[in-house]
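First chain A sits with chain B, and in the next complex the same chain sits with chain C.
Entry: the complex of A and B
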């Protein structure tokens, strides 16, 4: 009897727990609006969306990898290389190329290639994803450095920059593009076998293997997919900042992983979804914007950010399935 | 060489750009030079010239190395580039290897990865009979005159007056009054602290005409600066009459956030470092100024001075202290003197060691 009611409580809590990240996001918005009513103005919402566009694209890739129980640390390297490639293919002051928007698919494919190598090395050489992706991330920055010798490519292509500067219904194109990326990721997660397999591997790889899931192929595919998203993120970064250089990705890795985890996707794999990560990006971006709006002293901001991560993860974590915590 | 490959497809003909291209090419050359030891140089008794620095991935250091190469080429001496990759151990191991390979016949211009490294490097160089010039980082109690004649000199830049000067250029572009927002570097970095002091001094000197609406550290990062600028536009809107950034990367980030709102050029922005993107933004009327550190000059002159001492042309031990620890000059570049600056940049004079220095290095407790 007692144990039955306990289980019942746990069930109710489990349902509530799934909504924890949304609750955190809503609470944040309410608090910020009370202190700084400008937060909810249309122009600020557009700014939030435009700031969220690139992180959104990046987390779409990272979410699948983390759902599988792996990690991808190559974000910054791939973003940098893709941004440099993009900037050298549109009208610029370094090469004579002028591919315009065609540079975007090239960058996406380049990102996918690094992702494929990540996955291939990780699976075939049995190198932990942590090390493989860390290594290729550094290699990405290294190649970008070797190509440019430390210098910055300036983008002169107005048409290409419209990706970030142009608007449809008052919202930048980059935001629409990020929305499409979310849609694609959601369809992959919900409507394809790949999506099912990712959850199966993340929950219990051995069982998944016995059940006939092509584990190795799925892993390589997922890392490739992640690379494709990072490539798009890099192209958007080039459009947003109007340049390409080897350090373009700096800071992206932390935002990406934080957003995924804060959104409620477990680093242990199997739990979470791309929609969780959308909420996670929302939390990270709203917090960054809100702390400046509320005038929180810079010294305190980092502390608040750290606390936020702990609170969000503590609320979203399903402890019933945890046997050991490492 | 990479620049040979890029050369034919390069389109801009600006002098500065060409220098940069040269550096891009030498990135490849440097790697090769490190791979194949120049035994011939050591045997012929020539002095090998070398530069050691953090990375080729940022414009400052890449140009610093290009300046060194330009001097080495001008005297026909063998030239090497050592990259620490932010790793002090690697930096010192590479220097030791080069000292051994050249038998101590080395002139080194080094930007130590971290201040304590400078002491080890100086001691190793003295033991081997090599000559060393340090840049930016060294412990306050380590002085060239304590290691005569091998520790030739230490060069640095004073962030306070330069930040103050560029802030004044910003205020002038704003019409002398109004609210500004400021982006700082990583809070614990010495240059970030100095540049903030310079900004504060400039604001204080306006007697309340210019107000600092908000100050945020953006960690030298343009993406971070972009996000903070967006939030500022919401918080302060049109009250922002100017943007001060402690480096050019953050200035560009803020500028792009303004551009997204159609405000690029309407709100003056200043940076520091003099990177190419900032110079173009000044040309386009979108930035009001930057400070050029002249890494071409520091890269070249450090080697030129050390080389002159090695060849016995200068008795460095007899030189006064202000010739041993001296500041380079940060040049404030504004729309008014941009053309002049670009012309000056192409004409480097490696014979005048101290002509550009505003004086001896001061230590702020």
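Entry: the complex of A and C
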């Protein structure tokens, strides 16, 4: 039957498209190894992994938001605020606090609070998510700057910095932590109702609502969840850099969104997964590392990432579902 | 039937102006020197760069889209003009503005032809433009020599009859773009597409071309804003306009242009820009730190969007 074969073709195409990001990642690795054999050395691989830790944590949150067909532009604000809060709670030169590792859950909860506000305002005031998160993202940077007044907090707590510098089996703790974040996100996606609801909302929100999915509650919950992940990302950033200041989030939004869309999660919602985003982070990190190994100046990266977003979205967009693009 | 005195549309039209007047009076009461004519001139001149950025993006927002690349474009053109002015003279200005226009054209193309949602398309283009800015400036802040500035950028930073030229530039833009939006077919199409895109498409108008043109206009105005900003500060830098994205969009929304498209005008954006300026100065008088002001702008933006948005137009808010 004609329609049957068409559906078959579509399926085959979809499967091919699903594997494309993995192919790109492998191809990138091969090309970079040929140009610079150093790429596969153990120390470079560890460097890659520790560079991937924070982006991995951040994309875990952003993926769920994008799977719903929404967007979260507050990444930088939340990361900055969480990093500043963390740096002020561990042993530092700005406050007299010394909470040690307890600062991490505080930062995570703080991130979750901003996420909750994002979701609550987006849902209750019926404001598009990009506007709500743009506003609160800037507000987050504002709060971080207002607390410090342009000051940079230096972290003196060696124990806390072990989070990023300490190693288990030769791999930094931050990488293990990121791995756990991925596991948690994967379990949420695959094994919980929340995960199924996210896909239902992203595929067709109106139908999902009719089918009894608590759309509003799910949306608020997902934005909160995203905030929790960003909060963890901020704490890790503080541990990695050993400081806290209001511009700690700069550039994080770009990397996060690039990784999610390059991994194959569609901005229109419903298509993709947290594992796609893991591949996406791989692509972004490997490419960045490759450019460094090839001696390309770092400021070119943002431009390359911008082009990657355009290409990836253009390839992945399921245009049959879009009538009017805004 | 006559429109009732307090119809929703009338109230929404009058609200931004009333807000501006009330805020000005409040700030004037706290700090009487604020209302001195000389001070008002300075305040208005300071606001014009923001208005220039916001004026172009008004067209994009009226389509129901967004342009998140204007701050990157303005930074880029400030670098271009700073890098070229001493050597090439006035040619640097059209080149910089053209670069802004091309960036807008690229955003429009990516959005319309590749059908990528505008906030992602412009976010991606902003990354590309930031890289261009770094290349143009060799990754540092580029000073504009005072002689070169006085020779070629006097139209932007000078004073005639006691009036700062920024205000003249702003008023010219207000009149020209206001005219374009209100009187030309292009302006009519922009308004129509924002209200009911499919109907406009069905009536045979090249919707895509109008949209691309609107993004190009937004890029052009951001480009001009970058040149004026660079001229005022006496240097260009790849991060010069970074803090201006949020206030610029806030100007448009606070003025009463709805992000759902269709409703809006350039003078509303002008009022919005002045309102944002008065709020900023009011906060400074009250001792709110410059850093904390971003919080207020973020909240104002969200509140203004919530007030002006036409929810009957969007079935599902994503």
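The rule is short, and it goes like this: the second predicted complex is superposed on the first by the 284 of 326 C-alpha atoms of A that agree within 3 Å, B and C clash if a C-alpha of one lies under 4 Å from a C-alpha of the other, contacts with A are read in each partner's own complex, and residues count from 1 in each chain.
The working rule: a contact is a pair of C-beta atoms (placed from the backbone, for glycine too) under 8 Å apart; a residue touches a chain by one contact, two chains touch by 3 or more.
Bear in mind that the values here come from a model prediction, so they are computed numbers and not experimental data.
Once the two complexes are laid over each other on the shared chain, residue contacts for A:292 go to chain B alone; chain C is not touched. Legend: residue contacts after superposition of the two complexes on their common chain; A:310 is shown touching chain C, with no touch to chain B.
In the superposed model, A:70 makes contact with chain C only, not with chain B.
In the superposed pair of complexes, A:242 makes contact with chain B only, with no contact to chain C. Once the two complexes are overlaid on the shared chain, A:27 sits clear of chain B and of chain C alike.
Once chain A of one complex is fitted onto chain A of the other, the partner contacts of A:36 are limited to chain B, with no touch recorded for chain C. With both structures placed on the common chain, the touch criterion links A:211 to neither chain B nor chain C.
Of the two partner chains placed by the overlay, neither chain B nor chain C lies in contact with A:187. Judged by the touch definition given at the top, the superposed model places A:136 against chain C, while chain B stays out of reach. Counting contacts by the rule stated earlier, residues 141, 145-146, 149-150, 246, 299 of chain A appear in both its interface with chain B and its interface with chain C.
Those residues of chain A that touch chain C in the complex are listed here as 68-71, 73, 121-122, 125-132, 134-139, 141-143, 145-146, 149-150, 205-206, 246, 254, 257, 261, 267, 269, 297, 299-307, 309-310, 313-314, 317, 319, 322-326.
The touching residues of chain A, when paired with chain B in their complex, are 36, 38-39, 41, 43-44, 47-48, 50-51, 93-97, 141, 144-152, 154, 164-165, 172, 237, 240-243, 245-247, 250-252, 285, 288-290, 292-293, 295, 298-299. Residues 63-66, 68, 110-111, 114-121, 123-128, 130-132, 134-135, 139, 197-198, 238, 246, 249, 259, 261, 289, 291-299, 301-302, 305-306, 309, 311, 314-318 of chain C touch chain A in their complex.
Residue ranges on chain B touching chain A, taken from their complex, read 2-3, 6, 9-12, 17, 20, 23-28, 55-59, 61-63, 187, 214-217, 219, 221-224, 226-228, 230-235, 252-253, 256, 259-261, 275-277, 280.
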